[in-house]
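Take a look at these structures.
What follows is chain A paired twice: with chain B in the first complex and chain C in the second.
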Partner chain A sequence: MIEGLFGALAHLMTPLPFLYVLIGTVSGIIVGAIPGLSGAMLIALTLPLTFYMQPVNAVILLIGMYVGSITGGLITATLLRMPGTPSNVVTTFDGHPMAMAGKPGRALGLGIAASFIGGLVSWVVLLFLAKPLSIWATRFGPFEYFTLILMAMVLIASVTQGSMVKGLVSGFLGMLVSMPGVDPSSGQPRLTWDWYVLNGGLKLLPVLIGIFAVSQVIGDIVTIGKRMERIETRVSGMLMSFKDWRDQAFNMLRSSLIGTWVGILPGIGASIGSIMAYTAARNMSRKPEEYGKGSEEGIVASEAANNATIGGALIPLIAMGIPGSVIDAILIGALMIHSITPGPTLFITNGDVVWAMIATALVANVVMFLAMMGSVRLVARIMYVPRTFLLPVILVFCIIGTFALDNTMFDVWVMLIFGVVGYAMERAGFPLGPFVIGFVLAPLMEEKLRSGLMMTAGSIEPIFTRPLSLTFLIIAILLLLTPFFRVWREGRARRRAATAAAAADEA
Partner chain B sequence: MIKQFAVAGLAAALSMGMASSALAEWPEKPIKVIVPFKAGGTSDQVTRAFQVAIQESEILPQPLTVVNVGGHFSIGARQVMEANPDGYTFLTLHIALMGGEAAGLFPFGYRDFTPVATTGEFCVLPVVRKDSGIDSVEQLLEKAKDEPDTLIFGANLGAINHMGGIQLENLVDGAKFRFVQIGGGTANFTALMGGQTDASVLSAAEVANFTLNPDGTELSDAQIKPLAYTGPERLESLPDVPTLQELGYDMNYCIQSWWFAPKGTPQEAIDGLAQALEDASGTDRVAKFYKDKMFGSVFLKGDEMAASLDETWDRIEPVAKQAAQK
Partner chain C sequence: MTKTARWALGVSVFFVLVCLAVLWETRDIPPGTFEPLGSAPVPQGTALLVLALSVVIGLSAWRSRGEDPPIDPSERPHVVDAAATAILTVAYVAALQARLLDFAPMTTLYLFATIGFLTRFRLRALIVAAIVSAAMGWGAAFIFTRFFVVDLPGL
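For the complex of A and B:
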């Protein structure tokens, strides 16, 4: 093992492979940071180039892009409230409020450090536990998936601030929007009104980019006449102090492990990883009231988790040939062209490629950290670039990126329409967070539940009899009740204080 | 007599001249091939293998550009059907097109395209868990008959593996699986590994990849075993697995890669691409790809391909209708 790893690391330190890591990671960061352009797209477009490269170098380039793109998205999510990729949506909840409060450097610094740690933790798991974990993951049946996702769904109630009714409406709207298309459980189209372009459904990227990035563009255009309040900015504080590390250590580790685990489970991606880590962090936090208003913990949880999904998703790919994410599926395609078939025997047949993957996951993570930290000062200024210059550029990229996703103009219209929808929702006071959670989670939840019901011919009993599934269900119920419990406890404390005060008055 | 020869010769020379000048005109720009799936799948790999082979061996003066149209495959197929038939837009797709048409998913089908060529095919194998106590297709179907609707068969409902399962059921009166939505090959392998499902069908490449060592010996921790092969002859790498036909079952289920053009595409472009694909089929690149993916190296074009499409349709239409009812 040591030999394989160090051999690959040594190869990575030679000029050409190192150049590939560098190009891969940096281009990943740039593409990731641009709303509308995603890592999957960059990698798909790079595929034809890699056919003419050595397989090992092809893998190095592609993994570098993968790592860079998931991190890059945090820049625009934090500074402009426009998530660069769907997996950074949760980062906007706290990253942007903190940046607006005059601490963009700190918000970015926390995100970058968390990304780095997330990548490292999942890498260690990848190195040591790939085989047993990926076998354990196959035991995860539909009911376990269902209750696991239910846990994250409960977050709808927690991220809602203000009117609970509006939060729920927004969540249900998100679920509704995920419904049209060919029904995954029967292969029949539903809610498509015989409109064939809807057969593919309303896809993740166009809807999320519309709801978040385009709606923000519209909002910024509407207020463009007003002079930006030039709040005092401090780029300082971007390097985490010893105290920060101590405060965040547990949160980072927990979020990284959640992200890694979500990555290992095939078919559920980085966005779900960050939603789940955020749920966990918020519910265990001592300061849950700060979430959504610039909580440091929130940024850390989201970014540690989404980067951890990378290492996690590589685990089943390397151990069993099962792609853990969309990008991994493209990687398999790239390897096939080189006559390399990922599978349980990949270590035997193409050990050099496997070690290159593992080593690149580490080196790209370090390159990412250095490149991001080195450029924070410069990048943070994006916030103060006049919007008149910035907005058209962003809109153009949103359109190009959304079109390039699947080469259909329909997706572009979806994105623009959801931009208007998102803007209208914001104006009317409907929070966007619950919308995303409903939209991202509902299809998976439905598919898993229906698979499970097909297996048991309609019985939901296994939800309560399978130990893991029951555990997840209980946690979900507890999560749902915590906010109410908190309100009740605060109420009681207030009443007590009032009676105590009254008693003091009497005395 | 001499005069006749001269005329014929002149005519032949003329037509050859015309033909070659026409061929010289196509292609004068890159040829767009739409793969109606996301990058990375089997259709995408086939298309890209040919793209690389054609470019490497300089078979055409212009490159193929592969365009992945994701979402449901009917979207990309419809794009090609409605594209300007200028000879620069093509589609690669497989039996799913017929399955969807028969199930009434979309109001068009293979007859709305001009067939260009068939390049390679893969066949499938029914698989079960090793600890299932089932050792043959006969036992599998017997169990499905004795205890109907209990054996959990993982499939992507309405798709290739579901249609494979239904054809298996149809081999024995009264046999019935309980079909469950799991997904494609890797998802089904995962579900079988974890004991979520009892049976499925996997492609030859998937079976080899998940159960064999590189030297051809069996992987010790493989949890699944193939029961039979739906192709015409036994597989080289799985010599002990009988074909269904050997076992006396009338079932042959192979999935071919089809290249289509929009109706009205100039004949020279159709012939030109078909010829290029035929030439590319002979390259080492494609031969190696077929071997790795355990594809049968079938190549069809023109009337042969059209006849084969009709034959497949007759066979698959009732199966797809059955699949849609489940």
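For the complex of A and C:
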């Protein structure tokens, strides 16, 4: 472990890889700070540029962007009450009131420091958990993998904000979209409608760029008239004192651990992590009345947790090839583009890439901290770039990036169609995260199911007899039943209240 | 019915149609020869699931009550802007595919037209748009072909 980590750190300290970390992190911060643009969009758009890079350097660049984008959103969340990325929504609750109260530097300083600690804590967990988990995962048979992915899909749908049914539809639709093309198991073309261009299936990149970038551009154009309230950024009060560190230490640690844990759960992003940490901090606070009015604890909890999800989410990706968040699903796509198969054997087959990912998570976190402390005023100005100029330029980049994949205009049309589909889904309240994760995981899920059935001559009995697969299945069923249980419980409480009210009236 | 419910209804109808198309297309796929499952059951099962859940969503959207709260005039959706951008983008991609012009001039024209429309063709904005469009068109062509060695659509 030490050899691999230090080897990767030494590689990162050489000029070119360090430049990639720097470019990745700073561009992530900038994109995260511009409302309407997200890390997922940046990473999806950057993928085509990494085709000709060494896989290790590509991963370094993309993880730098991942770290930067989650933190960059803090600036707009604090100064504009517009979360730069969805993971910064909770930061707006207290960051903006504090900024409005004349302490924008203080709010940003707390957020940056908490982000740094959150990233650091989750990195430690990543370092010590990824390898043992991957060794454990090598014992998985096809049925374990199948039920694990099934559980992940249900989990993603159940915790996604909004309706669980919509989350499930989104996930299953993503799976369906991945199925056209020649079936790798049988060589049989399916869902091609005798159209030869579909024989290769729908590629990941056009679908990703369409769903994340184009749909977002459409959404941003629809809301282009929204006014931004400017707050002057002052750097005074950005540095935390020893007393601040002492007062916030427990909150930071607890929120970081919550964020890391939420990150580890497959498919759940930073936004859920920050909501959970914020709720825990408020419930345990001595000053809960300050929450929502500029509470320092609230900012710290939200930012520590959302950055901690990065390291946490990398754990299932590295150990099992299961994405811990939407951005991780895109990272899996990046690995596959470079002919690297994600999964438990990644440590053996591509140890250099794995250690580069782990080391970059640390170095990018340090770079993020220094860059944010040093350039927050500059970045705060960039977020006022007129969107009327920015959005058409992004569309051109989407087209270039998609075309570069295979030099075919078919991919560009696919991207545009999925942009419209993604926008319509968002307007209708369907979360897009499960769609992408379903799209990425479906081929693996089908392959495992079919190879398992071949081994057992068509019997699904091992799903119920093997302890792990049965456990995953039971968890999936329980997760599916949870909303029904909640509805039943709420109904019962309503009926009881009505009965009590009727009895009181009679009395 | 709220706007979200209307969108949910439309999207769920679209999903139902997609699933029916999937079920139709997979009806003739032969069963597996060397393995028990074959190529059809997984897409068919997935399509059936999406279909059933979409019907549930569509019905609940259809039955839903309630209206959207009034919105601030400054936050009214700019549907015309989005539609115009979509039309210009489709025209731009079609023109690139038809190879009407090289990437750089075509991109410059597209960006100038789109930015111009979004800024309501204000003179000052148009001057900036012309500079940005030309820089982006020729700049991107240079950077992507020379620096990243990536092919670009168009001639």
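Quick note on the criterion: the second predicted complex is superposed on the first by the 270 of 507 C-alpha atoms of A that agree within 3 Å, B and C clash if a C-alpha of one lies under 4 Å from a C-alpha of the other, contacts with A are read in each partner's own complex, and residues count from 1 in each chain.
The rule is simple: a contact is a pair of C-beta atoms (placed from the backbone, for glycine too) under 8 Å apart; a residue touches a chain by one contact, two chains touch by 3 or more.
Here the structure is a predicted model, which is why all the values come from computation and not from measurement.
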Q: Classify the contacts of A:I218 with the two partner chains as first (chain B alone), second (chain C alone), both, or neither.
A: second
(Q) Let me test your reading of the model: by the given contact rule, A:T349 touches which partner, first (chain B), second (chain C), both or neither? (A) first
Q: Kindly classify A:N407 by the partners it touches after superposition: chain B alone (first), chain C alone (second), both, or neither?
A: both
(Q) For A:M454, using the defined touch cut-off, is the partner it touches chain B, chain C, both, or neither? Pick first, second, both or neither. (A) both
Q) Between chain B (first) and chain C (second), which does A:I299 come into contact with in this model arrangement: first, second, both, or neither? A) neither
Q.
For A:S186, using the defined touch cut-off, is the partner it touches chain B, chain C, both, or neither? Pick first, second, both or neither.
A. both
Q. Which partner does A:M238 reach: the first (chain B), the second (chain C), both, or neither?
A. neither
Q: Examine A:A361 and indicate which partner it touches, taking first as chain B and second as chain C; both and neither are also allowed.
A: neither
Q: Show which residues of chain A both chain B and chain C reach, each in its own complex.
A: 48, 51, 185-186, 188, 407, 450, 454, 457
Q) Which of the residues in chain C end up touching chain A in this complex? A) 3-4, 7-8, 10-12, 14-15, 18-19, 22, 25-26, 29-30, 32-40, 42-43, 46-47, 49-50, 53-54, 56-57, 74-79, 81-82, 85-86, 89-90, 92-93, 96-97, 107, 110-111, 114-115, 118-119, 125, 128-129, 132, 136, 140, 144, 148-153
**Q.** Complex contacts: residues of chain A adjacent to chain C
**A.** 48-49, 51-52, 163, 165-166, 168-169, 172-173, 175-176, 179, 183, 185-186, 188, 190-191, 193, 218, 221-227, 388-389, 391-393, 395-397, 399-400, 403-404, 407, 409, 412-413, 416, 420, 424-425, 427-430, 442, 446, 449-450, 453-454, 457-458
Q) Along chain B, where are the residues that touch chain A in the complex? A) 34, 38-41, 44-45, 48-49, 51-52, 66-72, 74-75, 78-79, 103, 105-106, 149, 152, 156-159, 162, 178-183, 186-187, 189-191, 193-197, 205, 209-210, 212-214, 219, 221-222, 288-289, 292-293, 323-324
Q.
Help me check something: in the complex, which residues belonging to chain A touch chain B?
A. 44, 47-48, 51, 135, 137-142, 181-182, 184-189, 196-197, 199-201, 203, 266-267, 316, 320-323, 326, 329-334, 336-337, 339, 341-345, 348-349, 405-408, 410, 447, 450-451, 454-455, 457
